[in-house]
Amino acid sequence: MKGNEAIAEAAIRCGADGYFGYPITPQSEVMEKLMELQPWNSTGMVVLQAESETASINMLYGGAGCGKRVMTSSSSPGISLMQEGLSYMAGAELPCLVVNVVRGGPGLGTIQPSQSDYFQSVKGGGHGDYKLIVLAPASVQEMADFVELGFDLAFKYRNPAMILSDGMIGQMMEKVELKPQQKRWTDEEVAQMHPWATTGKPESRDYNIITSVELDSEAHEKFNHRLQVKYRELEEKEVRFETTDVDDADYLIVAYGSSARISAAAIEILREKGIKVGLLRPITLYPFPTKEIQRLGAKMKGILSVEMSSGQMVEDVRLAVEGKVKVEHFGRYGGVVHSPDEVAEALEQKLIGG
Amino acid sequence: MKGNEAIAEAAIRCGADGYFGYPITPQSEVMEKLMELQPWNSTGMVVLQAESETASINMLYGGAGCGKRVMTSSSSPGISLMQEGLSYMAGAELPCLVVNVVRGGPGLGTIQPSQSDYFQSVKGGGHGDYKLIVLAPASVQEMADFVELGFDLAFKYRNPAMILSDGMIGQMMEKVELKPQQKRWTDEEVAQMHPWATTGKPESRDYNIITSVELDSEAHEKFNHRLQVKYRELEEKEVRFETTDVDDADYLIVAYGSSARISAAAIEILREKGIKVGLLRPITLYPFPTKEIQRLGAKMKGILSVEMSSGQMVEDVRLAVEGKVKVEHFGRYGGVVHSPDEVAEALEQKLIGG
Amino acid sequence: MAKMIGAIEVDIETCKGCSLCVEACPTDVIALADEVNGKGYNYAYMANPDACNGCTNCALVCPDSCITVYRKKVEMA
Amino acid sequence: MAKMIGAIEVDIETCKGCSLCVEACPTDVIALADEVNGKGYNYAYMANPDACNGCTNCALVCPDSCITVYRKKVEMA
Amino acid sequence: MKEEIIIAGFGGQGVLSMGKILAYSGVMQGQEVTWMPSYGPEMRGGTANVTVVLSDNRISSPILHAFDTAIILNQQSMDKFEPLVKPGGLLLYDPNGITRHPERDDINIYKIEAAEEAAQLKSAKTFNMIVLGAFLKVKPVVEMENVLKGLKKSLPERHHHLIPMNEKAIQRGGEIVKEVTLVKA
Amino acid sequence: MKEEIIIAGFGGQGVLSMGKILAYSGVMQGQEVTWMPSYGPEMRGGTANVTVVLSDNRISSPILHAFDTAIILNQQSMDKFEPLVKPGGLLLYDPNGITRHPERDDINIYKIEAAEEAAQLKSAKTFNMIVLGAFLKVKPVVEMENVLKGLKKSLPERHHHLIPMNEKAIQRGGEIVKEVTLVKA
Amino acid sequence: MAEITEDIKVAENIVHKKSSVLTDKVMHYCPGCSHGVVHKLLAEVIEEMGIQDKTIGVAPVGCSVFIYNYLAIDWQEAAHGRAPALGTAISRLRPDRYVVTYQGDGDLAAIGTAETIHACNRGENMVMIFINNGIYGMTGGQMAPTTLEGMKASTCPFGRDPKTDGNPLKITEIVAQLPGTNFVTRQAVHTAAAVRRTKKAIRKAFEKQKDKTGTSFVEVVSTCNSGWKMNPVDSNNWMEENMFPFYPLGDIKDV
Amino acid sequence: MAEITEDIKVAENIVHKKSSVLTDKVMHYCPGCSHGVVHKLLAEVIEEMGIQDKTIGVAPVGCSVFIYNYLAIDWQEAAHGRAPALGTAISRLRPDRYVVTYQGDGDLAAIGTAETIHACNRGENMVMIFINNGIYGMTGGQMAPTTLEGMKASTCPFGRDPKTDGNPLKITEIVAQLPGTNFVTRQAVHTAAAVRRTKKAIRKAFEKQKDKTGTSFVEVVSTCNSGWKMNPVDSNNWMEENMFPFYPLGDIKDV
């Protein structure tokens, strides 16, 4: 199954309520697959092709405001159009799932895989002090699994979540095990589980408001402070990562998504040469595995941050180790995917000296 | 003169060709002033109220593509809507000037001053590996001066430039000295100075294309590499900052825009108490004065990064000093402006221990 | 003879003195007070209460829903 | 008797074998070749050259501007 | 010299333009000035206020949390800004619509019946100039000739015929301002 | 076992679906597989290619810069991928439309006249299955029964009646594939 | 007779009072603003139809952003121009609910043009209320898409000149021609009679929603006395004289 | 007679040849794609009017994104849907130039709806060319705003159902009703006669620009044989039978 199709299948199975999207390469298969599967006939899930990405994200706002599990998917330029909407959803504390199958930018760019939307995703492409929960799948299986995980985290923290994938993971086919079909929440369950949602005001409660505006700056600061507390909690509790071969390693590669797969192959090459390299693969890009990198980094002779970008995540790696170990960046970009050989060579050159 | 009005006056005087914008508090006075001054009757400058910020930024694209000096202004939510357009302009290497008079976010937020769009401005709110040139005025005079500076840098590097201001600088009145009226470039001058511009293809040259798309990923990587070379040049040559009282200082405050003004007052308070504090005010946020902070930081007992945000620029300060000196953040946010007393107290508490 | 007589009650504190009710009243019942309310507005009041027939026009046009209208049929000599 | 005779020249390498010219020709001049060009397309050619009257229809509908049309008035017996 | 002033009242009372004239007057006098309004939807019907700083030196922050002078024109503003006058500072207010009069004894308090006076002059528009006159009488932070220059500068050309009327209002304000309590020296 | 394959030709030759069937066949055989197409506007008229990896172990990267097998169906692809076959690897090509035949002597080269055969069968759609059959004959990386399962899986239900025809084409491909040069052992 | 007047002020004689769907919060609008009148009508219709628990509202960015403080129903506050997108999702995910969007002219007809047209063209089941006051009220009186030719606003201080500023846009006529709308009307609230008609129109728009046959669209030509720099009464007169000829009142579509 | 045929192939007998404004690059379009025909007509009009040096084009995001490689005039490539915004600025900053935008139906009538309507409503002086092929060609055949009821596309694989997918949008009729447009027409390029008419329409649109009286808008109902999954000839037939009844050809506005 293609990565993009896995997203679609997983969405239906985990009981998502709605998908709203607009076509863009390399992820149009998500909506195409959904339309083919016609979940409105089976689970009742709504699938709608919107007039634009701007509309899509604001449809998510409306759906999420009703306590529904709603999602969209797009690729880089389309995600840029969602920045205002994402900021609004973060500001209104609405859960949703946004999939970005990244392609090479800036501008219309290429349709080839890239990882150059890291900053946009984890630092805040929209205005204001907010964060998205960002998950980085490295396989088609994770494309499927992170749909449910993304929804779970989004609802737990009432915060938009993003799956930051790329054209490689989106387009490739791999074996996937799908979970069994889960039921969608009923309207009654929604009203009970999400008392904040606009489900129609019963006599028993005051009316609900989903909003992000506040005239009084002191009150708005308090609200922002509440967001920050939430983010600290996320950083405390929800960091996810995977390590391989780190125990005996002298060098560490930090890489996510496609780059992590390629780096794993590079590590094989390097280990054959007798260079002991380990891999830390952040699964959550926000919250970032800062502590683990700090801890592991302390034992390393050097760290190579590998991304298909001119160097974005490397800043977070550097912030983690606070100058205590050399951190270098390697990555092809603009739609070019580095090979394991190139990664291996870069590590040798940049960290060992060639 | 109000900060926002200074922008308008300066735009006309420096010979800008076009302004395209959409109203939003706290910066609507920019367009209002322009409409009142009717520069189309004097210099020939075009002023147009667009149907949205999305349209505005794409009008800038069109105008800049013709080699014209075009600008827009907005505030946080409106700037978020421009992210796709900004990425396109960076990708097509088009010069323009975008003014963001920041208000408290996320979402609709408040209309009060804030500095929480730092990440969006300097890291890349849009998709892809690109940078904006970001200028941070700290006075109404600089609001005026940076219009011309912004245009100059934008054209020199064929890159979008941003004035990152905030509601305080935009709304406040101060004395300003305006430069004398300069002539707008004639169409002939434009064709000569900017041979890349779409001015109508004469026999003497091949047709020009303004674009950001590339099918071949290798070619697109080359293009991206060219962008990176440009950014390195910017980092080398165009860093601007201002230091005050740093020579004898034990502590350093790094702050830009409004926060720099308030920090200057805080430093007076602290110095009266005998605590020697200096100020480094980044004027260019991108390129960031990394080297100078590194150099100065080495002599300090601690650095306080002061921003009206939950802590964004502080990451760049930390990246600059690489763990060699303690860096703390202080800032009220969500539309609240910190007082000099609060800044002074924060420095004492966070750096000296209270 | 039966006649409709009416009366209105203006919520003085929420009235903003916009005068729309004054204009809407067919029988010139309403005027703005010389005094202001807590918000600084010259509020509306029944300056000519006898003329009110309870037609509700004033209440219909009031943007702030300040006006309650009473009406009763009374027999008149 | 004067008659219009015509001829077309197809740029074989840019032709994509879409058949639109074949369809557009009123006198069935054009057919697609059995052979393919460098891009793998069965290109258009004058299968029935005598029938061409140079009406330009084929060229008008050709999306790839592959067709040049010639026309001349000739006296016929 | 540095004078930090807040002027606060209802939207529509001319609070912002009073501040503007004050600021321009400072400029005419060669001072550094800042003028910083509260802005936004509150303007409609709600409160409006503006902070004006006049100083001989560079002004660091135009947003303040304590003031040398508070000019207060409605009750909400009284509640908000009375506590923020620096000890020894000045509070000038119009008692019209004020339900709770100022209570501090560590500041100088003056009142100006500007609304009443404006009503008598049958010119609501002069209200803010009367208040300005009162302030300048109590604290002549700018010279009158500069105030007139500032007035000119801040009014659009087409309104310059109103200057004499405003000038008179300023004068009148100076005449009718009343001392309430002074700091015990 | 790990087999890294590129299949490259024109859009419309069924390159992607051939790759898909191969990948599904691997899955049926219990292997790890990846299938990674080149995608996008080039599809229209231009070249199309897909990388398929079949492996007993976890596959790190689905995008490759060297291949065990290259299946090449037009000249552009020949130019691009001939050099990327690993020494000792396999290059299988259809000579139809090929103007420059492969020249390497460190790889095994086979050819398959699939276009011609498909034309004879009067069924252009079987072209890619003929090529697949040729490949499986030369390198039986998956068992035929799994290929048939893969075929079933990758075709939508409504096209299942086409399976016998495809099966025959696969068989035919195996019959007519020709060895060109083998690596000197 | 003044006594009689006082006497009849008893509950049983009440013929008009504030709707129970309205909250106690004082609206932040300028004195005389049309928004207040339309809010009231909306509240009354919801009250009278007994659908307070079944209605979900979508607030715009504009002066009426805080409508959610005034009507006691569940509300979502949309980004500028995007209310129809929110409404689309709400309506599709909660087809058992009444969905009502409320937008100004800048919101609905400038930045939100695409969302407005596509929601109406899809025929989303919702009531769209459109307050056309010919100006950007909230941001201080800038030109709106519906500002009349020659009309002054802060971004056309010398009057709108179609040559440079573009033409006023009749979005309601556009919406009426889309197959997705089932009821499109233009009303006003400047007189008691007009208020009655507008209330009927809003009621009808809600009633229409029962059949799920598409979007019901109610434009209310309104005043913004602050933006227009006139008092409320003059604003109404100005509107009658200037707005109504260009934006004629009445039903445009009813299917 | 075959010899005659060869004989007459001399320059003086040429009655049709590739426009000199077209470049030598082979268009990347699928065989039979309407884009190529319209490109050609645009090139011919520009050549015939002698305005190659005075025309600035704006390319869309869609299959025709690379139009800039095929016509030798200055081009800007716009973000998806925003060509009219670019055109607005170009036209206002270079009023001495002809500005032409070229967009597909997804670009112009979905994501770009607001920009399209507002540029036309302002009456920006430019020629807008609108290729309506009822589908998103570039991205592989998804439903477009103009996809017909019942028509299949990859995001409505069982045929467009207006109930869930919304109605097909006649944006050209909307544009025609805006005061800013001076010429609005709908044409096609499926036959030689249609091609001639379309060329005339494009020429007229350019001619109209001389007077600076607003936007000239030319829709070309087109085929996308790849997206429709038919061969080019069948596509033309299908278009005649199915598209033309809903999108009737002819001038809609000419003032």
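Going by the order they are written in, the chains are A, B, C, D, E, F, G and H; count residues from 1 in each one.
The definition used in the following text is that contacts are C-beta pairs under 8 Å (C-beta built on N, C-alpha and C of every residue); 3 or more make two chains touch, one makes a residue touch a chain.
Listed by chain with UniProt protein names: A, B = 2-oxoglutarate ferredoxin oxidoreductase subunit alpha; C, D = 2-oxoglutarate ferredoxin oxidoreductase subunit delta; E, F = 2-oxoglutarate ferredoxin oxidoreductase subunit gamma; G, H = 2-oxoglutarate ferredoxin oxidoreductase subunit beta.
Quantities reported herein were computed from a predicted structural model and do not represent experimental measurements.
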Between B-E and A-G, the pair joined by more C-beta contacts: A-G
Centroid-based (C-alpha) most distant chain relative to subunit A: C
Computed distance of Cα centres, subunit D from subunit B, in Å: 60
Subunit E and subunit G: spacing of chain centres that average the CA atoms, whole Å: 39
Inter-chain centre distance, subunit E versus subunit F - centres from mean C-alpha coordinates, in Å: 85
Centre-to-centre distance between subunit F and subunit A (centres being mean Cα positions), rounded to whole Å: 35
Residues of subunit A engaged with two or more neighbouring chains: 25, 48, 51-52, 54, 77, 84, 88, 92, 107-108, 111-112, 211-213, 215, 337
For subunit C, residues that touch 2 or more chains besides their own: 16
Per-residue multi-chain contacts in subunit H, two or more chains: 29-31, 65, 77, 79, 110-111, 113-114, 118, 138, 140, 145, 165
Interfacial residue positions of subunit A with respect to subunit H in the complex: 22-25, 28, 31-32, 35-36, 38, 40, 48-49, 51-54, 77, 107-108
Residues of subunit H defined as touching subunit B within the complex: 52-56, 58-59, 65, 68-69, 72-79, 82, 85-90, 92-94, 96-97, 114-115, 118
Sites on subunit G touched by subunit C in the complex: 1-2, 4-6, 8-10, 13-19, 22, 26-27, 29-37, 40, 189-192, 195-196, 231-233, 236
Touch list for subunit F against partner subunit D, complex: 10, 45, 74-75, 97, 99
Interfacial residue positions of subunit F with respect to subunit A in the complex: 20, 23, 27, 32-37, 39-41, 59-65
